[in-house]
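So that you can tell them apart, the chains are marked A, B, C, D, E and F in the order they are listed, and the count of residues begins at 1 in each.
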Amino acid sequence: MTTHSIHTDQIIRLALAEDIGTGDVTTSSVVPGGKTIEGQLKAKEGGIVCGLQVAARVFAMLDDGIRFEAHCNDGDKVEPGQLLAVISGLAQGILTGERVALNFLQRLSGIATKANSYAARVHGTGAVVTDTRKTTPGMRYLEKYAVKTGGASNHRMSLADGILIKDNHIRAAGSIAEAVKLARKHAPRMLKVEVETETLDDVREALAAGADIIMLDNMDIATMTEAVRTIGGKALVEASGNMDQRDIREVALTGVDMISVGALSHSVQALDISLKFMEHPSL
Amino acid sequence: MTTHSIHTDQIIRLALAEDIGTGDVTTSSVVPGGKTIEGQLKAKEGGIVCGLQVAARVFAMLDDGIRFEAHCNDGDKVEPGQLLAVISGLAQGILTGERVALNFLQRLSGIATKANSYAARVHGTGAVVTDTRKTTPGMRYLEKYAVKTGGASNHRMSLADGILIKDNHIRAAGSIAEAVKLARKHAPRMLKVEVETETLDDVREALAAGADIIMLDNMDIATMTEAVRTIGGKALVEASGNMDQRDIREVALTGVDMISVGALSHSVQALDISLKFMEHPSL
Amino acid sequence: MTTHSIHTDQIIRLALAEDIGTGDVTTSSVVPGGKTIEGQLKAKEGGIVCGLQVAARVFAMLDDGIRFEAHCNDGDKVEPGQLLAVISGLAQGILTGERVALNFLQRLSGIATKANSYAARVHGTGAVVTDTRKTTPGMRYLEKYAVKTGGASNHRMSLADGILIKDNHIRAAGSIAEAVKLARKHAPRMLKVEVETETLDDVREALAAGADIIMLDNMDIATMTEAVRTIGGKALVEASGNMDQRDIREVALTGVDMISVGALSHSVQALDISLKFMEHPSL
Amino acid sequence: MTTHSIHTDQIIRLALAEDIGTGDVTTSSVVPGGKTIEGQLKAKEGGIVCGLQVAARVFAMLDDGIRFEAHCNDGDKVEPGQLLAVISGLAQGILTGERVALNFLQRLSGIATKANSYAARVHGTGAVVTDTRKTTPGMRYLEKYAVKTGGASNHRMSLADGILIKDNHIRAAGSIAEAVKLARKHAPRMLKVEVETETLDDVREALAAGADIIMLDNMDIATMTEAVRTIGGKALVEASGNMDQRDIREVALTGVDMISVGALSHSVQALDISLKFMEHPSL
Amino acid sequence: MTTHSIHTDQIIRLALAEDIGTGDVTTSSVVPGGKTIEGQLKAKEGGIVCGLQVAARVFAMLDDGIRFEAHCNDGDKVEPGQLLAVISGLAQGILTGERVALNFLQRLSGIATKANSYAARVHGTGAVVTDTRKTTPGMRYLEKYAVKTGGASNHRMSLADGILIKDNHIRAAGSIAEAVKLARKHAPRMLKVEVETETLDDVREALAAGADIIMLDNMDIATMTEAVRTIGGKALVEASGNMDQRDIREVALTGVDMISVGALSHSVQALDISLKFMEHPSL
Amino acid sequence: MTTHSIHTDQIIRLALAEDIGTGDVTTSSVVPGGKTIEGQLKAKEGGIVCGLQVAARVFAMLDDGIRFEAHCNDGDKVEPGQLLAVISGLAQGILTGERVALNFLQRLSGIATKANSYAARVHGTGAVVTDTRKTTPGMRYLEKYAVKTGGASNHRMSLADGILIKDNHIRAAGSIAEAVKLARKHAPRMLKVEVETETLDDVREALAAGADIIMLDNMDIATMTEAVRTIGGKALVEASGNMDQRDIREVALTGVDMISVGALSHSVQALDISLKFMEHPSL
């Protein structure tokens, strides 16, 4: 996965820097330099694993002699107690990197697990669940990667790869029609234009303006159903607004194409994963 | 707060870079360069607000002419609907920075709110709730700041400012006594030595070795009570291990000094905060 | 222009670092620290000026007391001899920054001038001229900004904000239809899908696959005309391939929507601009 | 070439970052992770090739398993259609890096080709053609390397490695004599002192002041001839000023030692080079 | 030594960048690219060697084909003329890196040698010699590493890993008692609290406040002796203040636990070490 | 001093980062956020002060509201007890930055003082004392600035701004004549060529090869005298080799132009400077 490291090395380096500070005083004082160990990375609860390569990279940055042998792949559904990977090599680097590796792995697996559960709820409806830009600062790329790993879809990665005309943009431009016209004129040609709407009138105006995607923001089921009927396939339709507190299967059955869920990344339960070291390593 | 910016500018810059990418195509296409707006930052649910300075800094990095007028302080308990700040200035910078500012503010307020609730549960017991190193990569400093803002305490900031001898360190050194001796000899003199224990035997060995702090890992209430009695004030005592799933007041009442809770930072609900723009800004 | 500095400060800093090296030995040896000067930035040939803010930023980075008073705006058509800006302040910073400021200004104005001339050639045809990713390393954002300043349009900014399925992608996927299907499934929903075609058969296949944009690569006028007719408005059409060596008005008249020209950024004549200092500065 | 990477890694990383943005969505969506390809880098027009190591480094940064087998060396004169290198390995990294690698290679080869043509024009005259500081921001080191690869010479790399007293320095110091005296006194001892002159009086004054190099700025052939005669070998002589618009052989025959040409780097035609992939790779 | 590189790569990179600037013009002009050499790193005076890994890393950064074969270890006592390491490989990288490698090695060995001499003076007294934060900017980690290598101990690495309440902190808090109370309340629990004292009254107040460590600043031997007696083992005791100008054995014999010496890092004699190349390398 | 900050901000930032680590726990725990203080920076011994702007910058980076009022200038000779500057503002930033500011100021003043003493010794002889590249990693620019501030001269700043052909370069090229020829041909034209010599034969060969500067390495006074006579003003002459252990006035009187002294930067005594806070600040 070649572009992975470009995006992840910077945050891994930052995470190691902030955790190691001026040095792991415990390990360097107590653990002999040449001692080797072997540890098992295990899921302590069930879910979708995500971030194994990132965890491997954490250890490799500290000591490229550490061996990280994955026993499953990102995206695999794992059971409580299942072995995820075996890590072996010099004890100092492994002990120093352990917490940072787990911090990545647990959060990404938590997101993938949550994305997987949301995707399952809309299965067979024709709608997909997508993430939002409500990600943890510095973790954008990895959190979006985890969403996809879990089986949901990505919305915009950044403000540069999608035109999403909201409330304030419309007010600044004067009208939906004018905002769409300006976007078509000035923005790169390869981007679709999405318009946020709050009422059926907005929907009709966005449709007339030629929006590629129409977002239905905080609408009830009846209004959504009517909006989907009005749009009639002439634009993609996205449902949005506190979707973690609604019955998203019901939302999906209105016929929308996408349901965006901020909680996929902004409110996440870490997946419980542990690294246990063996009494008698096989090294 | 002078040292704040040294720690936060890097992650703010990273967050802006990943969110803006090659440019906010919507805003730059649709919003005229000279247009000004005024927005209100409001809590949509109750909690402890945290991160106002960080949010202000996000906007300042984009356009130092943006005015951020805080109406409350980090650590304040806010009600649903309460005004947190008023933001005014050129529309382009404000719209481009909105999401990143909220991503910081909502997560930090979520953590402060959670920390506050945990701190309340042990109120009056003599025990304090502390965080752990289970923070989101890149957010260590800010997440620990939010924990303190919420009224809980900080454990180690990094591997450099505390000696915590765990299972594997003990095994590498041969015994608790030997590990403590090595730490005292090689680590900087200003750090306390903490030893992780799983049994009462471990506790007695740590105490004999002269540990400054003894961590009771995953013990039941009865064992903890006995451990506290055994230690008898000769070392500080920390309770640890899945504390988010236990009755921490009951834990506190065993007489421990600290209860460390990983979930304070690894599993957080963002606090719902919105930025709404005014029809008729007063600018 | 709020997001400007995020993209440009890094390359300005790099340019200053590589030009100043360990210090401007001439200026620091010969020019007294307190001496002030005033200089006039003038066009020595006609064209479209671009990069004034970047030039101002170069001086501000060296000494934020330097005053840069612009006498025209980016995008203005200027005559030979026309005054662009007046720069005044301490001589040391101005002399040290002069060359870097001019290097930016001359290249960006050269690109804007070239883009303007290409845009003029297709005026009234309904087609727009766009740039490509054939930009100078490190200068992507600024060169694309100059293209727009000159009156042409931007194609993708990066590999992240547009799906362009080329020859090798098609071969890897097995067919145009399969490639488009994979892109729709895996890529973010807000991006259009463009397919590169070399024959009319390719065009028909891309159309059937539902491409949003079809690129006609290196086709002659007759084939292009037929392709445009075949597509019939069901997708946007882009003409590409050595367009700097062809009559692009003739290309535009085939009815294509976009004509992409790599030479807009890869082969550029710097616009001649000078900075002359006054005998009797008015300071 | 050991110091190469210190100078080039930063600009390569910047170029990859700006081109890849949040990820190559086309390649990651359409091209299977394990697929391998093999491509041929070929000159489409004749010239001097330059930048092969840089191109190789681009691919290595993305995926150090990519094999880059050069079939010629930097500085070689190549014919249209000539094979420059064979690139093989995992398709994803190769396709993602292709454009950035070509952007470097085409620009550097364009500069080397231009430098070569200028060097040829003064062949046998005793004069050398040199570059200037009019390089593209961020590309200083590489563009100067390309000039040398093409057979011309380097003038100063930066403001730190040569004292060049211009018009404004002279005015600030009071006189040529005073400026040279100050430079000799304050600047590092290992640098030569060059003085820019516009008239024969200036030349005489610079000579009297003991300049090591005298630059003749924008002089006609007769004045240059006289200046060279006046200097009589007591200083090196450099001709300068719009040399791309003059007959530089005629300039060289006046007896000057160096002719500096800004257009070597500020106005360059990219050399046409393509990367084509094989139907049946030999992998 | 796994965490070593995290701390040292940044300063090594900075040192190489400032020394190489735009390129080693001598070596690249005069030494053929393919030429190999072999050099011997030798101590020219006796002392404690420190920094061999850093020196090896300098060369590896320039050319990872350079072979650095250490003939002793950091911390070894070496004699004048003793061989420290053999360096072999391509001449260009070795010659370019020579000075930077020696600058690290000589300074670190100078510090280790000085630390060793101070440690020797207090041998057998029960006191240890420690460093301070008076290190050279950018060299904190390495200079503290050298102090330990020489046999002395480390005080705080940074302001984050130890609470040291000085004069001004006390004044700001109102009293020693209040300052200690605030520190216990707000600072991380794993840090000891040290209080700086100037009089016996201060000592008593610090002791009453429960300080973990009491610093005796600039006291004479009699006062120190009395202070140690007063403290009576209830806190660690540190002697401080111009200790390089005093008889530190006499200080040690007062019974203090630590003697901190700023001159260990702020006033250092480089150890004389040379790199000599062989007439007939064995390569 | 405009180019100052470009060179110094990086090392100041690194110094602050390594000293502050995850935060100044003492100050932030004990000192109230709004408290102001005023301190006096005083010399505790006599010498040449250097680094006042750097010290001011340290505080400004932490809190740009801190006021730094210099009472003398870099290069001034100061007496024991003399007031150098008054620093006032919020206590937190001042206390956090104090040590780093002093670390810069004391080292740079120590170097300036040493340089001044060496310069005084050769006063009136026509020779100048110069520094070398034996500087502390990361401090090159500042240490060379201190040397000049003290009244001595700068040799090369880096490997890029001077050609110094040493022993190994000569061996690689085959002879002094060949090495000089290669340097003249390949290196930038504005650099002088210096050749290191160990014998009078070497001197004659260097002279015949047309060296601009001839370095006499480790010669005794008689040989130096003879070398100077042989050179007869046709090249500059530099004396080098353990000059801190010789009578450099005697060396100067041989008629050499420069005497380079590595110990100016590699073995330095910090100048004793203190920052004392006032009981009753005038704020």
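Just so we're on the same page, a residue touches a chain if its C-beta (ideal position, glycine included) is under 8 Å from a C-beta of that chain, and two chains touch if they have at least 3 such contacts.
It should be emphasised that the depicted structure is a prediction, and the values quoted were computed from it without experimental measurement.
Under the contact definition, subunit E and subunit F share the contacting chains A, B, C, D. To fit its Cα atoms onto subunit D, subunit C must turn through 180 degrees, a value rounded to the nearest 5. Contact tally for B-D versus D-E: the pair with more C-beta pairs in contact is D-E. The chain with its CA mean position farthest from that of subunit D is B.
If you average the Cα atoms of subunit B and of subunit C, the two centres end up 44 Å apart. For the pair subunit C and subunit E, the distance between C-alpha centroids works out to 51 Å. Residue positions of subunit C touching 2 or more other chains, listed in rising order: 18, 20-25, 28, 96, 140-141, 157-158, 160-164, 186-188, 191. Taken together, the touching pairs cover every possible pairing of the chains. Of all residues in subunit C, those touching subunit A in their complex are 128, 130, 148, 153-158, 160-164, 186-192, 194, 212-213, 236, 257-258. Put simply, subunit B touches subunit A in their complex at residues 10-12, 14-15, 18-32, 35, 37, 91, 95-96, 99-100, 102-104, 106-107, 110, 133-141, 157-169, 171-173, 179, 182-183, 185-188, 191, 263, 266-270, 277. Subunit C contributes residues 16-17, 20-25, 28, 33, 62-63, 90, 92-93, 96 to its touches with subunit F in the complex. For subunit D in complex with subunit B, the residues that touch the partner chain are 18, 21-22. Note for the complex: subunit A touches subunit D at residues 1-3, 6-7, 140-141, 157-158, 160-161.
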